[in-house]
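Next up: some structures, all given as structure tokens.
What follows is a pair of complexes built around chain A, which joins chain B in one and chain C in the other.
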Partner chain A sequence: MKLLIVDDSSAMRKTIERHLNGYDLDIVGTANNGKEALEMLKTKNPDAVTLDITMPEMDGITCLENMKKIKPEIKVMIITALSDKHTGLVAIDKGARGFLFKPVDPTDLAKAFDKLLERN
Partner chain B sequence: MEKQIAEIEGACQYFIDSTNNYFSHTTKVDSKTSVPYLKTTDNLALKEYTGMIGISGNHKGFVYISGNQDLFSELWKLVTDTEATSDDALDMAGEVSNVIAGNVREKLGKDFMISIPMVFKGKPDRFRIQNDDLPVYVIPIEWRGHEAFVVVGISEN
Partner chain C sequence: MSIRYKLTAGLLPFLVGALIYGGIQVKSNYSLSQDFANINSGVQLSVKISYLVHELQKERGRTSGFLSSEGREFKQELRDQRRLTTERYQEFKKHVETTDLSRFSDKFQSEVNSLSEALTTFFSVRDSVDDFTVTQVEAIRTYTAVNTLGLNIIGHLSDETQNSQLKQQLMSYVSFLRAKENAGIERAVMSGIFIRGIDDYNYNWESDLVQNQNNFTNLFNVTASEKNRAKYNEVVTGVSVEEVDRMRDLVSSRKLQLGEVDPNYWFDQITIKINLLKKVEDFLSADIQEGALASVKQFWIYLAIAAFFALASMALIFISIRSLLANISKLSDYTQTVSRGNLDQSIELDTNDEIGNFAEVFSTMVSDVREARNEIFKEKIEIEYLQKQAKVVFDNVKQGIFLIGKDNAISDLYSTEMEVVFNTKEIAGMDFVQFMRPLLVARDLESVEMFIRHLFNKEVDVATLEQLNPLAQVKLFIPDQTGMMQTKYVKMDFTRIQDTHDIYNIMVTAVDETAQVKLQKEIEESEERSKEEMEQLLSILKIEPVALNEYLNKTLETLEDISMKYERGSKEDFSTLLTYTYNAVHNLKGNATLIDLQLMVKKLHDVEDVIVDLRQRSNVTNENFLEILFKINAINLIVKNMMELTQKVQNVSNKMEFETAEDGSNDAFVIALERGVNRLSNEIGKKVNFNIDISDRIKLPENLKAPMKDIITQLVRNSLVHGIETPEERLASGKPESSNIDIKVVKTNDDDFKMSYKDDGRGIDVDKILQKAKDRNLRLSSANGNIDSRDLAKLIFADGFSTADKVSDNAGRGQGMSVIKSIVRTYNGKMSLSHGKGKYFAMNFLLPKVETNTISKKVA
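Moving on, here comes the complex of A and B:
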């Protein structure tokens, strides 16, 4: 499975990469905003995406909406610091398959990925 | 101003909780916060690296975390398992500020809007806190021997 990591923080991109190392995943790229992520969706054709919400250029919710139009079957996990219920509900409504709050715990990330990739 | 001070004192606790949660959750080592104080002078609570978030919506103002490079480099090393460059440490300051502010939305709701982080080293020429408009609280923190400040200046809109 091909994964794209989208976050405007390089610390977060590297953290996610580090903790997903060992999973049967091919990390095909990283992007630091929604616009860049949409470009990479076309060029790298990922199957799954981890997506931050608060980013420059294009926020994660707008990016999610666009991704779903381009590739409806894409599996998107939101990873955000915005810890209110409303944001989670909006993301799920727009088609996110998973939702994780920062700060990310490696165990929670692994569990969320098992669910995203439908393994248990 | 007195009403604003009462409001910010309540909100300050959310930022203290959010800061402590960040360090304990991410590093498994608790941070210690000292008693917050109201900033009454123009002296800026700034260290080497700062990550700052603008606040809008149901509140207006800002929050920032400021610490020395070695604090953010150590955090970077812990989360990425790689050595931090100067830019990496600065990125880390931005991400910590983002998480501290973002987690407060759990308490202050979806209309507590936060900006993307602004990061800077040292004291930028044009940096000034408008404390004639906003009460500004300084929360001193310590984590693994590193001292830092979380500085909160907000009021309700």
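Moving on, here comes the complex of A and C:
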């Protein structure tokens, strides 16, 4: 399972990487905005993505929409500091299947990934 | 059509058929019995004929002997015999006359008639015999001819019946009679032989007769019944039979000597034999008659039995049908009872037929149905109980509970609390999103719509969704009965009702948490108040009682002065009043900072904010002052409260706490100042060595302590904010990291007090002051770029002048120096200022000794 981490904070990207260590996941890349993420989707062809919402260049929701257009089966987990539930629901509506609020608890992340990956 | 009629209709053809069949049977039996009756009559007739033949045979024998002896013998015997024969003839004649011959066949009738006719002329032969005009042979032949006629009739009787047994019986009978007839002829022929001797004719005749007898006897033996044959063998035996055979042998061997056998002896012997035969004949005729009679009797018995069975079976059928119909009727009544819903009865029919079995099975079925019905009834009661319980729960549970279906509609069943929470009865069946529409803003409503949609989406994990529940705690504006909007805090939880295949419903619970939320807020407020009070208390405990008392008293005084000024109304213009208020408040704030009374610092700062705001406005009205007054009163209350608290604390630990607060001691004054400076320097982030030098010999008058403290507070704040550099700056400019503030108080010979103040900061930033002055369009006497100390002092001490870019609790309002100016003026003191650029800032004060009441007046 190839994973792409998209977050504008390098610290956050590292945190997610560290937390997911030991999972059967191949982290194929990290992107710090939506545009970069779309590029990496094309070049690295990941199966799953963790996606921040508030990012420069292209926000997470727009990125999610584009990703689903390019690869509908992609599994997307939103990890955001944005406490707005409406945006969260929009993300679910656009096809995100996991959702976590920052700061991320490693146990929550593990559980969320278990659920995200067990669905085919 | 009832079963009764159906059965009747079904049985009718059978009954008719049975009757017809019975009739045919009776008729057939009747004709058989008629047959027997005819035969019986025929047998009677035959018996009469055979009796007659028997007598004729005897007469023939006598006649033969009479003629053979030419009248010498048998004269008397013949006469006697003729009489007997005539008697039999009369009987026969009479019998024929009384018998209905028409029942016999024509042939039989004509034969009987022939015999009767033959007999009417036959007896003339007797005259020929008496006259000897007839030969013995002719006579015998005449007799034989009549006998043959008679025997033929008997022989033909068997043709008159269809009954084979009777036919056979008659045939054996007639065979027997023929054999006997031949025996009779033999008697006559042999009589002649024994009288006249043997000749060929008679010899042959005799041979034929013996042969005939044997043949007929054989025929009889073949056809006769066992019983009759036994009778024959039993009867026809004895000496006479043997004698007849012996005498026959004599004739057949032709060894006979004339006179060797007495003709009478022969006659006697053979007659004995013939009589034996006659005996058998009577037996046989009786047997036939008996048989015929028995047949008739049998018919009647048959008829009686048939009638009995017919009646019995009809009675049986009647009883069976009656019982069947009765059972059917019972069963019918029972089924009707059952169909009316009465399942408590059972039925038992005393019969083992199909109806009985059906009744039993049906009864069992009814019993089963009754049990099943009782079970259902029990279950129904249980369900009703559960429903009632559920309703009670739904009516009483303090939670809105309902289901949302796949069509987003709210379930018909919901808890009564729903109506209370949402203050409406229009709930059941409503689209949930539409139901929430009037209570939410568009964006939240959109959230709700997406949320519900994905709750029904199996692809989305419920834990993920739970985090995004837009109604987890939502503030709703719900109109009450009067249409007034009520604010409610409602918590709604959503649970999927699902199995492995599908999500069927969403169960929603809604709880009105308004009370809790309000309580929470109250608790927070209460905590805030407690914190405030605790702070007050802590302040009291940690601040030197003398300083605190002094401060509180002064504050109370000042605040009351302000209040009084406002109450007096608009004698002074608003601007002056504001300035006065501001200065007073600012001074109080400075002193609060000095003794670390943070609560007061904050409250006073708030008042300052309001004043600053008002001063920037052009049209200030009386009402605007109310806000200031309101706040001042609130502070007033706090001060009074603190004074009370102080009093209490003092009462509790009087001695301990106030030991150090000896009247006239400078220590408390110095310590209070040191603490204030330390606090300020820590807040501002600059290090300072505060050095206050008051000679122990000097006793500071109480009324000067306050103004001196005010002045020092303002100056220290000014130094820390403006003059003293940051530790980094100081190190950079070659100064020690910690700055120094030196204060020295001395007493002059005139009992006045001199106070010097000096810091080792950067001095006055003249350029900045000039720039600010320019910004505010202050007119300066000195030329551009230069400024004399007089102008400088004027600017520094101007009201509202500050070089700070930001306003804080400690500086920036530009009031500090102006406050110092007003204090010095109040106490009729003097002050001077000096500074070295980059090196120091210093001020000298001269405060004359004053009386307390003078000051009070001056302040007022």
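Points worth noting:
Criterion: the second predicted complex is superposed on the first by the 118 of 120 C-alpha atoms of A that agree within 3 Å, B and C clash if a C-alpha of one lies under 4 Å from a C-alpha of the other, contacts with A are read in each partner's own complex, and residues count from 1 in each chain.
Note that in this section a residue touches a chain if its C-beta (ideal position, glycine included) is under 8 Å from a C-beta of that chain, and two chains touch if they have at least 3 such contacts.
These figures come from a predicted structure and were not determined experimentally.
By the document's definition of touching, of the two partners only chain C reaches A:G88; chain B does not. By the document's definition of touching, neither partner reaches A:A110: not chain B, not chain C. By the touch criterion stated above, A:R97 is placed in contact with chain C alone, chain B being left untouched. By the document's definition of touching, neither partner reaches A:L25: not chain B, not chain C.
Contact with chain B, but none with chain C, is seen for A:T80 once the two complexes are overlaid on the shared chain. When both complexes are overlaid on chain A, the residue A:D8 reaches chain B alone and has no touch with chain C.
With both complexes superposed, B is the one of chain B and chain C in contact with more chain A residues. Residue overlap on chain A between the chain B contacts of one complex and the chain C contacts of the other covers 86, 101. Residues of chain A that touch chain B in their complex: 8-12, 14-15, 18, 54-56, 80-84, 86-87, 101-103, 105. Residue ranges of chain A in contact with chain C, taken from their complex: 85-86, 88-90, 92-93, 97-101, 111-112, 115, 119. Here chain B touches chain A in the complex through residues 21-22, 25-26, 75-76, 79-82, 88, 91-92, 94-95, 98-99, 101-103, 105-106, 109-110, 112, 114-117, going by the rule given at the top.
Listing the residues of chain C that touch chain A in their complex gives 443-444, 446-447, 450-451, 453-454, 459-461, 463-465, 467-470.
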